[in-house]
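The structure under discussion is supplied below as structure tokens; questions concerning it will follow.
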Amino acid sequence: MDLTGLPTVTPTDREAVVRCLREASAAHTRVLVVGGATQLDRGNPAAVDLVLSTRALDRVVAYEPAEMIAVVEAGCTAAALRDLLRPHGQEWPVDADDDATVGGLIATGAAVPRQLGVGPLRDSVLELECVSGDGRAIHTGGRTVKNVSGYGLPRLLVGSLGTLAVIVQAAVKLRPLAGARRTLVAAGGLPVALGWLRSVPLATAILVHGDTAELRLEGWADDVAAQTAWARACAPDAHVGDDAPFPQAAPWSHHPVVAEMSVAPSRLGAVLATAGCDAGGLVGVGAGWAGLEGAAALDRLRRRVESLGGALPVVRGPGGLGGTLPAPAIHRRIKAAFDPAGILAPGRFWGGL
Amino acid sequence: MAADPLTLGLYARDASIIEGGCALVVLPSSADEVQACVQVAAREGLAIVPRGSGTGLAGGAVPLGDALVIVTSRMTRVLDVRPEDRLAWVEPGVLNQDLADAVRPHGFTFAPDPSSQQASTVGGNVATNAGGPHCLLHGVTSGHVLALDLVLADGARVRLGSEGPLAPGYDLRGVVVGSEGTLGIVTAVCVRLTPLAPVVSTCLLAFPDPLAAARCVAACIAQGLVAAAMECMDQASVRAVEQYVHAGYPEDAGAVLLVELEGLAAGVAHAVAELGTIAGAHGATSMRVAADEEERGQLWKGRKHALGAVALYAPHYYLHDCVVPRTRLPELLADVYRIAAEHRLLVVNMFHAGDGNLHPLFVFDRGEEGVLERVLTASQEILERCVAAGGVVSGEHGIGLEKRDFLPLLFSAADLGAQACVRQAFDPDGRMNPHKVLPAGARCGDFAMARGDGDLAAAVRSLPAGTWI
Amino acid sequence: MTPPAASVGGGLPPGARFAGGAVAGPPGWHAGDAPADRDLAQCVACGLCLPHCPTYRLTGLEVASPRGRIAAMRQVATGRRPLDRVFEQAMDLCLGCRACETACPSQVPFGRLLEGARAQAEPGRAAPARLARWIGLEGVLGHPPLLTGAATLASLARPVLPPRLRRLVPAGRLRRRPLAAVTEPSGPRRGTVAVLRGCIQDLWYRDVNRATVTVLARAGWRVVVPAGQVCCGALHAHYGHLDAARRLARRNHPVLAAADHVVANAAGCGAHLRSYGELIGADDLAARVRDLSVFLDEHGGPPLRHRIERRVAVHDACHLLHAQRVRDAPRRVLGAIPGVELVPLEEPGRCCGAAGLYNLLQPRMSAALGAARAESVDRSRAAIVAVGNPGCAMQIGAQLAARRSAVRVAHPAELLAAASRP
């Protein structure tokens, strides 16, 4: 999405967000919330009048390592959070670009490469402070790892693409950084990856792209060593990289259009076969990414994925979200309640909300 | 279908201490029958109260007035187990334990394991976003539900979520989990299956008092020791349990901590050693590691039956559920004992220490004059202390009828209004399990904006200097 | 911190109240035996019993669950509901298997509650039902000659009975040769054991009684079968005829109390003899009663000289497993037989649906449970299913026959007698 020429407001506290959205609602000014601008293309094309940047909301509100919870403002970047947590041996395991913001990551609900081992992003969001489209400050969730006090509104906001409210602050659940981290890379593609899924009990992630399979191992050094041996039974020539990044390669990222795939795990092979060689899939999870050349390729893959009951939103380039919305009336009522004037990126969300 | 007074009386309560009444009870055996029941209720304007096994502790399944109770206890089919997709589709009346048993031969389990797991239904687990000891490592029910089939209040059917990691739309699946039957009736659940841990080690540690145990837990979390479960029981609960289970808990200890570590052999051994070190530094007087599956089973049986076993002390109980930041556990525990003493009440504590999830349990005899009032007053004081310490009023039991009027401790009128709006989006007429979860005063209208007259320019002018790029 | 939206705390909405306090009126019980308030109060309604209750499992109905039955008793006890036909039916559907007692962390004495509730339900029954029960329990069961007559009639009538009943009546002639009053051990004598003959057991399964005497004698005991013994009264108690049960207990007490040990080979009788303390204050006798398997497990069995190369499944009689809390003893005793391979049954501890007179009074529920049990016996691929209770043996035997299964039903005593032949 091209934001050139659009006025940008960069509030520095929640009150400023409240004022901005009240005024915008009153004036029917369409607003796009932007964090690190790493996922602007995710969503259907939406015409807006104003950009609300969360980048100046970048304070660390509370971080007590013994609680394994960090409370930061939405504009805090993934890099800043990583630097904050690393000295205490902890991480928020979302594997995002340095520039991505915590608020942006939550609003997009992006797939997590290590999801097999660390769980999806949505399960790590404990509390959200946000401002609805009409400028109401709303507190949702709480700063404890377990909480059923009222409806799970943080889950509603994860992946809402800034169409319900502006996330201004989040409490996220952390995990200890593993003592040993290793990435194995082997030839053999999906068969090797599936072999690993069966024989490596504590795999943190298994990625397959083209003829390559990558296995991520994290944990106690002894366990990582034992699992490496088991992994080698499937792929004797696997290359071992200690403290190496994961994934090692992202061939899809070089394409003009990148789409995020989601299918039931066993359908991954069928989808990858249609997607071509510059696609990668997370075995045992069913998520993946496809690098595509243009609309025709996207249409073909989208038809395939949706026929298998999955979804294929584009995350970079043109193409929007695709898919059909379940329970559209409920969606419309929720949207109308949070954003009665319809100013938050109208049309960006699934179903044109 | 049942409408005789005796049967209706039996559905007037769940496992909480609250009792109501209902007009009609139906036990459908398929989603079609659920839909038909809901359509009748919609036509007649009846309130609907979904119910599983009735093991809830917050009154979420307690019907009021002329409600129609829809019981899922006949919807007990495991529809499809798909190990290759790490998921299973089940009907809502399948018991949690039966699901775990059904998927175990495939090398998987259903991770949420509330203490009621042998009796509670998967539908009920979804309704309360149930937890359990092993949620420390694996997370609560919302993380283990991929998709749901729901019958809405108007009789429409909808599938929310997906078998894959992403579904189009807002995460309505995530909102329905934990909504206590107020958004619709779940007729099928797609659960995520968790691989069984290759090696499991269960350790029983004894401490001179519960505060020492709580400090040990906080230290373990702080040092990054990842346990699958960390359960604490004080001396009174240990003694009650030993009467029933003979689990071999040390009855002379002030508190015991049940810690489960899982993973691979080497890692588990490291973790056990590390646990021993931390526990030793925090005053643990003994540590026993279960030698085999049978001993492990006994240790867990003790924990899972602790609630019922307190009947040893008095016939009635009131079980609380609140969560505090884990570093505040020792302090809150001390408060709980102090508050109980001030109100001349016997309190027993058994709780999910690793999550900071306290379960103060008042044991009393209703026959004693004024005792219920004292229990309720003490309960309120405990909740207020938890919230003041940065905690919340329920970790896994839910709000139900029991705690709805405590939500304002956590949420403003606007916050609750936003929740009411979501509820109204699902159920505009407010017939799904009315009076539950939200306080009587919470209305969607509270969330509507009092719109100002200003324009964008005024808004921009009102922003602090330096906010423009 | 945001300002509170409404007053904190507050009460319950209209129509809700705190449970357990309300008493609507005087208890609806008749005079005589009734569920005790103390026992009723012990249930905290946690629901952990539900999955263990066979009738709840089949119906999903709260009224068919232990928690529901207790709640129903409470409704009567607090004067909210009358003692009526609905209540009577709710109590009748219970098997009395007492699996809920094993599962109950609050240790609610459900068996005792049920006996009280059934004693209450009895006077309200329709006249024909009451008469049939009276004839059966007080008339026939209490009087050995009448019982023998009835059994003979049943045996003679077997060919013309409806199939369901026919299968329940074991084929073959009733055994006429009586048990020896005294059997001396082959070797040195360890003490005297009195054997409870039982009613059904002695009529249809006298071979089991004979095997029991043989096994005990081979284990070194002087075995007596006291002459004055009558029916133990278990069925009377379970079906609410508590006064008759007490009369029978008082007759048995002096007759059996003379021996060092008392052994019962029917789980239902054994469990009931062990409750004589509660029933008539005969704690001295109750404490010395053991099921045959437990007695042999505690004191050692006979020398086992012969192999039995068979897969054997043990079906736990409810009144052994739940009422007497015995699980391992029969397995240890049978597992000691050379060649025996013990195989597990699915759903261990599940009732077969025999439950005393249940298979006559609740035929549909009983048949459903029996069929399920027979199916799990079949699936275990055992050659023999060992059953330590005559009711269960009849029921499982009938259901296996209906499935045309080749699995044979045997009492542990018979297997032990075969393996200990000189």
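When the chains are written out, they are named A, B and C in that same order, and each has its own residue count from 1.
In this section, a contact is a pair of C-beta atoms (placed from the backbone, for glycine too) under 8 Å apart; a residue touches a chain by one contact, two chains touch by 3 or more.
Note that this is a predicted model, so its numbers are computed, not measured.
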item: Chain nearest the global centroid, as defined over all protein CA atoms shown; value: B
item: Greatest separation from chain C - chain, by CA centre; value: A
item: Approximate Å spacing (C-alpha centroids) for the pair chain A, chain B; value: 27
item: Inter-chain centre distance, chain B versus chain C - centres from mean C-alpha coordinates, in Å; value: 38
item: Interchain centroid distance [CA atoms averaged], chain A/chain C, Å; value: 60
item: Where chain A touches two or more other chains at once, by residue number; value: 139
item: For chain C, residues that touch 2 or more chains besides their own; value: 2
item: For chain B, residues that touch 2 or more chains besides their own; value: 407, 411-412, 414-416
item: Footprint of chain A on chain B - complex, ascending; value: 82, 84-87, 128-129, 131, 135, 139-140, 142-143, 152, 156, 158-160, 162-172, 174-175, 177-179, 195, 197-198, 218, 221-222, 224, 226, 263-267, 270-271, 323-327, 352, 355-357, 390-399, 403, 407, 410-412, 414-416, 418-419, 421-426, 428, 437-438, 444, 447-449, 451-456, 458-460, 462-464, 466-469
item: Complex interface listing, chain A residues touching chain B; value: 8-13, 16, 19-20, 22-27, 29, 50, 53, 56, 64-69, 89-90, 109, 111, 115, 119-120, 122-123, 132, 134-140, 142-153, 155-156, 158-160, 164, 175-177, 201-202, 219-220, 222-223, 226-227, 260, 262-267, 284-287, 309-311, 313, 321-327, 330-331, 333-334, 337-338, 340, 349-351
item: List of chain B residues in touch with chain C within their complex; value: 2, 4-7, 9-11, 13-21, 27, 53-55, 59, 62, 64-65, 71, 73-74, 76, 93, 95, 97-98, 116, 118-120, 243-244, 305-309, 311-312, 315-317, 366, 372, 380, 384, 401, 405-409, 411-417, 435, 439-442, 446
item: Complex contacts: residues of chain C adjacent to chain B; value: 2-22, 41-42, 44-51, 56, 60-63, 67-68, 71-72, 75, 80-81, 86-87, 90, 103-107
